[in-house]
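Down below are the structures I want you to see.
Presented sequentially are two complexes of subunit A, the first with subunit B as partner and the second with subunit C.
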Partner chain A sequence: MTVSARNGMGGGQATVTLAERWYVPAEVRALRAWIPFALLVNLIILGGEALRGGGTAQLAVLGGIVLLAVLWWSLPDGRQQWRRTASQGLAAAILVLGVLLLLLKDGDFYDLWASSWLIAPSALALYWLSTGLSGSWCAGDSDPRSAELGLARNRRLGPRLETFALHTLLLHAVALIVAPAVWIVDLSISPGNILGGAIGDAFTLEHFWAVLGGETFWRWTRNSLIVALGTTLVGLLLAIPAGYAFSRYRFAGRKGAMFVFMLIQMFPGIVILVPYFMVMKTLGLLNTSIGLIIAYSVTALPLCVWMLKGFFDAVPRALEEAALLDGCTQVGVFVFVVLPLSLPAVAITALFSFLTAWNEFLLALVFNTSNDSYTLPVGLASMIPATGQLWGDFAAASIIVSIPVVVLFVLFQRALIQGLSAGSVKG
Partner chain B sequence: MTRHRPDIGAAALLLFGATAGVHAQQVSVDDAAQAYRQIQIDVSYAPSDAIAGFQVWYSSEAFETTRDAELHSTVSVADTTDLERVPGDAVFERCWSDGLPIHRDAAGNPVVSTAATEWSCALTGMTPGAGQWIAVVPVDAEGAPLVDPERLQPVVGRTDVPDERTPPPDTRPVLYALGMVALSAIVLLSFLRWQDVGRGRAKSRLAHIYVAPALIALATLTFYPILYGMWLAFTNADQSRLGDEAWIGLANFATVFASSGLWRVTLFTFVWAVSNVFAHVFLGLVLAVVLNRRGLRGRTVYRTILLLPWAIPGYISVLAWNGMLQPDGLVNAFLGTAIDFFAGANSARSVVILVNIWLGVPFMMMVLSGALQALPSNMYEAAKIDGVSRWDQFRYLTFPNLKGTLVPVSLLSFIWTFNTFNTIYLLTRGNPYVGFGEPGATDTLITYVFAVAFEYGRYGVAAAWSVLIFLMLVGFSWLYLKRTRAMEAAA
Partner chain C sequence: MSDVEFIETTKVYDDGTVALDSLSLRVRKGEFLVLLGPSGCGKSTALRLLAGLEDITRGEIRIGGSRVNDLPPGARGLGMVFQSYALYPHMTVRANLAFGLRRNRGDTRVSEAEISARVEEATELLDLRKVLEKKPRELSGGQQQRVAIGRALVRRPKVLLMDEPLSNLDARLRNRMRFELRRLHEAHGTTTLYVTHDQVEAMTLADRVAIISEGRLQQSSRPLEAYNRPANSFVASFLGTPAMNLIEGAAERGVFTAGELSFALPEHLAGWTGPGIFGVRPEDVRIGESGDVRCRVGGVEHLGSDSIYHLDAGGNWIRALWHRSGGGAAGSDGEEHRDVRVDLAVPSALIFKE
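Let's look at the complex of A and B:
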């Protein structure tokens, strides 16, 4: 890809082989790809330093960003010795800046992380640009043979460097994802309701006992269970026949009905929230499980119907036709042939509507005004009002509530995704 | 309605024991000022530097410790020179101090000046006609009680409504309407079935019966509420009027369009939705592409961990972030700072957007992973043989082939984010406070409608806002369906 500087010079010289022309050490390629990324991360760090308000550190990071940009621009691009020297100098400067930044601060975890984003790229750049290999490449004393060898080496080294970069990226993503979970666990085993404090500095089960020993948590759990199970049952009873009809029959109004089911999913709950509330209030269904079951089974209905339609579509028709030939009725085919075959699919839909009801917050918040009828989401949120927050108890309760849900999700993630995308994305 | 029928005549005055630094404090219930669902309390105390505020605790039963009671509200004691007095009828708890409406801080919370010796508040939301035990606890700057919280002597108050059941609302109109809607659904289905039979599609006779339950449920519990909501938008329905709302024409819409926060809240809703969708799609795509790499060690582990935000119940994650972003939370501990991210308008806005991005990326990642896996692998093998670099593979092969998924998924994600309520409600409740009755700095259309309906109790106005949102959503959905249909036609 890189055009050799030798191309234009000395017409009499032997032609440059393709290998020579293509060969760029994998390290240099990696630096070219990574330095912009390191620059981006340092921009984020600059934001962090701005929040902390350390003037010197901000200047150091800003200097690092500028130097990284110049380094990226000056990275050797073919046979130019001066670029190598300049890049080495710049990398050394960034390295010094990074070390200074580290020494300047108190050296807590954040400082370590932030300065490593200056130190690591510059140290790698300095090291790689100083090896004999890149030296000879930049000096331009290559021959077809060594270029071929270099390309072979690139094929080995390139993927390894790439993997290293991907793991760095993924580990950062994982840290961001896991942080709240780790924090919640730490909160639940720390005494008192204090938010701060180091991770893992104390251990107590007082919050778990407080939650499990109290009456409210069990009441909320009971309410949630009744509502979620009721929703699953009612929702499936409504959705299974409809999904089957959409999958198997061509009938007048099919397209219109399917379109309506699709459209309903997109409407915000808030649009029907006020009228729902007033209807439920008039019918005396506020603070009851029945009100929530009715509301949930209808709001989850369209997606369930679409999911089931997708699953039923996958059941081969030949079986049904065979059963019909054997004298089975239409209803019999549905109940005794198709349903047993699609039980796993029905189970996934059931799980989906159960989890939807189990996690729903807004309707439960509006429909339940008394603590006695709270479901878990509203109950847990009520542990953290503006003042008098029971963070420790909340954390313990969250862990108890989350673990079964997370396990179910992880076990059935593929099926759930499949069902969801059948219902929403494909249309 | 009440099991406890307290004897209030004489028990109105009580003294709280003084502890170090805090002088005796007197709390009384003003019998003359009681109202429906409200109890008026008067608090007088000797000012002390130790007192930084008061917590008002209440319960429907006698209690001795704050653990058995619920916190009703807090009143802080601070310098009030820069604050404004908000008139009593403009806020939820009508509070006075020195005979004037009380000061409010930026969040709308009551503040008494350091020089004051008395304040009074009408505690709202009490059970009508029932006795309530109320205790006022002075607290210091850290929120620690200055009296022994285990030995409270609550005063008893009662709302003025006699202990009688409110007559049950008239359910007939609602049942009648629901019946009509169900009946029309049945009529429609019968008509369609008759049409089918006429066309000789004998096999599909059962279809309408199969669809009937779902369709009737949808008609009664979705279409009917939507229509009812549209009717409410033209009425004066509010908290105190249920079932006897009257037609007032376009007045609610006039209120909506005259409200000063309309454009601000609409703009923020769009900023919120668009920035979320961009981040979801971009980060989801990056992670999906990375995780789609064959031979990457620990792929399954990474995938499972990155799925966590989707698996953990959303409200729990949001509340966890709420705690982490507090001045003494994990984020500040990590940065070594003590910033209140929820205090400034723009920082609160950024924070709610970032948290929602965190929540939404895994789902997008999974959907795009599925789409990536569906791409033919021989395409990439051919590209590899031709020496196409990875970036060019992505640019010229992956991305164009993914467009068919990306467009509908982004539109759907836009609609979902637009409709999101939990993240904002559980993080900021729409705060920072901007002005009374106005949407807060982080309110989106959805959270603001909630506030109008269930915090201010103005159902009619909320319904008018809902109609507006409904029209916007119809536009987006139309766009989505058009695009997906176009995609299907192209495929």
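Let's look at the complex of A and C:
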């Protein structure tokens, strides 16, 4: 206020207040930030159109991209009148192209989405450039008073526009992740064992009954459970004492051993596949759960030990000393104090071991030659080529297999978050 | 007779650092002994050796007359309060208090009734009723501190160990807890070893104070005696705020000379000949018109009830503490660069070989 009043008295045409110099409507700022992003998305759409054998639609998108680029360059700066006129014209042209694109296609969900990336930006630009405070700023009529009001308005409007943009972005990210899941769910509830067809056009549970009714699926599940739970148990029984020892004791070869643990982690699994197979064959452990449990435990162990060591490190030594003075033995200290405090870490380690074993495919494929000893991933894979196409059954089975994983994650969610932010234990 | 004896106890770490150099010290039954010294002097090491948290390199530690060098910590009959309190975060206050009692097995097993009776007793003594079912993280610093003391006391320890227990509290709470600790000691009378670097805590809490520097015991005596008759210049400078004035020089025929400064020694020190360190407490240095040492006021720190004068006496800096009840020509602003005279040859003055 005072600034503008003083300038008013000075009466000089050339003096521009601070507010005037800094004021750009939040809407225009948003357009400057969003149009490049819209350009990027349209480029991706253009690629899609080209792959689908484009034609007119492809040309419409290409035109839209060019116009968007020009629009971005010509966005008003609050002084030059021609910029506003040009931008309005460009936005209108893009809007027309977008509508054209929509009419050219059959109007399914994808087409609606693709054309909205031309329609929405151009409509917003047209609206913001023509009306309200931002419209008059674009036209070049601004005075100190309205600039100050505009700055105040920006503080309210800016964050809202940001939130809107962020949510648009997040929606796209979620769609990317959810789309495959939707697809496979649709496959599992569509009649017939074929790929294709629109989403949600029919509903049947025949695939689920087929999978759950078959004896082999239950045998595979049993095998997988034995292997996964066995791996978890063996992994924990070995990793917990090892992690504790690495964390608390200084012994000869400690550093070397820890380095070797890291080293093992660096080998790609495929390199040790053949040696593994020969060892298992010699030991007669092919087609057994024990063979897989041993192999998986060895694979999962280094990471488990390192994770647990990190967590044990965060348990203050004074706590252990207090427990010693309270009459605990070294084992007692571990059982009564260290372990209860490290439960989140133990939970993660368990989950990690379980998932490693539950999802693993390659070793299970090589070690198991008989259908009876398959684990679920191998069994599932065997459904694909077996009798030609069993896509529906396959989809149903893979959904069933994912359920334990999802359930485990939901159950352990709290422990996971705690465990991942290690060092949360305070004295 | 559950007293504690350190007999030439030595601790050398693997890297060769001597943390404690043949400490010989005896703590009498019921005594409150404070181990005092600057950080890294070995006082905490002494406590940890006694607790059994570290191994003794040489020498011996006895509790109640029997050697405990090789006993596990839990078997030594100790209670310990840690600097960080080290309360078990996953247990309620009640479970924290009872934890140690529950660990007793076999002959020493404590019945559930006895456990609740003792927890009850500690609750009463330390005013923990309101927090008994809470977890440590919900407690204030002072409350955590009291739980830590309670956990140490419910075991009815022969000796109570405290490792800088007040250093994590804010100043006000520290003063209150200090008084509280003294009151507690008078109530239960457990032999106590208390480690601190804070001389105020040492002076106020201790029946006896053992001053340690660089792994060696410097002096062990009643606090006031250590203050009035320090065994060496380290003890002299470590106790007291502001620190004692120590002037390095030499004496000859009753006159002490240090650079340009020269003055007659007081009667009781007149027999000293050769090099020495002359010491006089700031509060015993009188500023006035008389006195045989002339000096210039270099700066004054006014603390309200006291003022600390920094005096330049022929290149030696002397601190003088003026108290407002003492009167005299001091205690106002604008005294810098004034020439004054002080008398260093006071009856409380001391002289040290080193």
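Methods note: the second predicted complex is superposed on the first by the 378 of 427 C-alpha atoms of A that agree within 3 Å, B and C clash if a C-alpha of one lies under 4 Å from a C-alpha of the other, contacts with A are read in each partner's own complex, and residues count from 1 in each chain.
In this text, a residue touches a chain if its C-beta (ideal position, glycine included) is under 8 Å from a C-beta of that chain, and two chains touch if they have at least 3 such contacts.
Please read these numbers as outputs of a predicted model, since none were measured by experiment.
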Quick one: classify A:340 as touching subunit B (first), subunit C (second), both or neither.
second
Please tell me which partner, subunit B or subunit C, touches more residues of subunit A.
B
Go through the superposed model and pick first if A:213 touches only subunit B, second if only subunit C, both, or neither.
neither
Should A:316 be classified as contacting the first partner (subunit B), the second (subunit C), both, or neither?
second
Is A:327 touching the first partner subunit B, the second partner subunit C, both, or neither of them?
second
Touching subunit B in one complex and subunit C in the other: list those residues of subunit A.
425, 427
Per the contact definition, I'd like the list of subunit A residues that touch subunit B in the complex.
1, 48, 51-53, 106, 108-110, 162-163, 166, 169-170, 173-174, 176-181, 183-184, 187, 194-196, 237-239, 241-242, 244-246, 248-254, 257, 259-264, 266-279, 281-284, 294-295, 297-299, 301-302, 305, 330-331, 358-359, 361-362, 366, 377, 380-381, 384-388, 391, 394-395, 398, 401-402, 405-406, 409-410, 413, 417-418, 420-421, 424-425, 427
Footprint of subunit A on subunit B - complex, ascending:
55, 66, 71, 74, 143, 168-171, 174-175, 188-189, 192-193, 195-196, 199, 201, 203-204, 206-211, 213-215, 217-218, 221-222, 224-226, 228-229, 232, 237, 242-243, 286-287, 290-291, 293, 296-297, 302, 304-317, 319-324, 326, 328-330, 333-337, 339, 358, 362, 366-367, 370, 389-390, 405, 408-409, 412, 415, 418-419, 421-422, 425-426, 446, 449-450, 453-454, 459, 462-463, 466-467, 469-470, 473, 476-477, 480-481, 484-485, 488
Residues of subunit C defined as touching subunit A within the complex
51-53, 72-75, 78-80, 82-90, 99-100, 103-104, 137, 151, 155
Show me the residue ranges of subunit A that touch subunit C in the complex, using the header's touch definition.
316, 318-319, 321-329, 332, 336-337, 340-341, 425-427
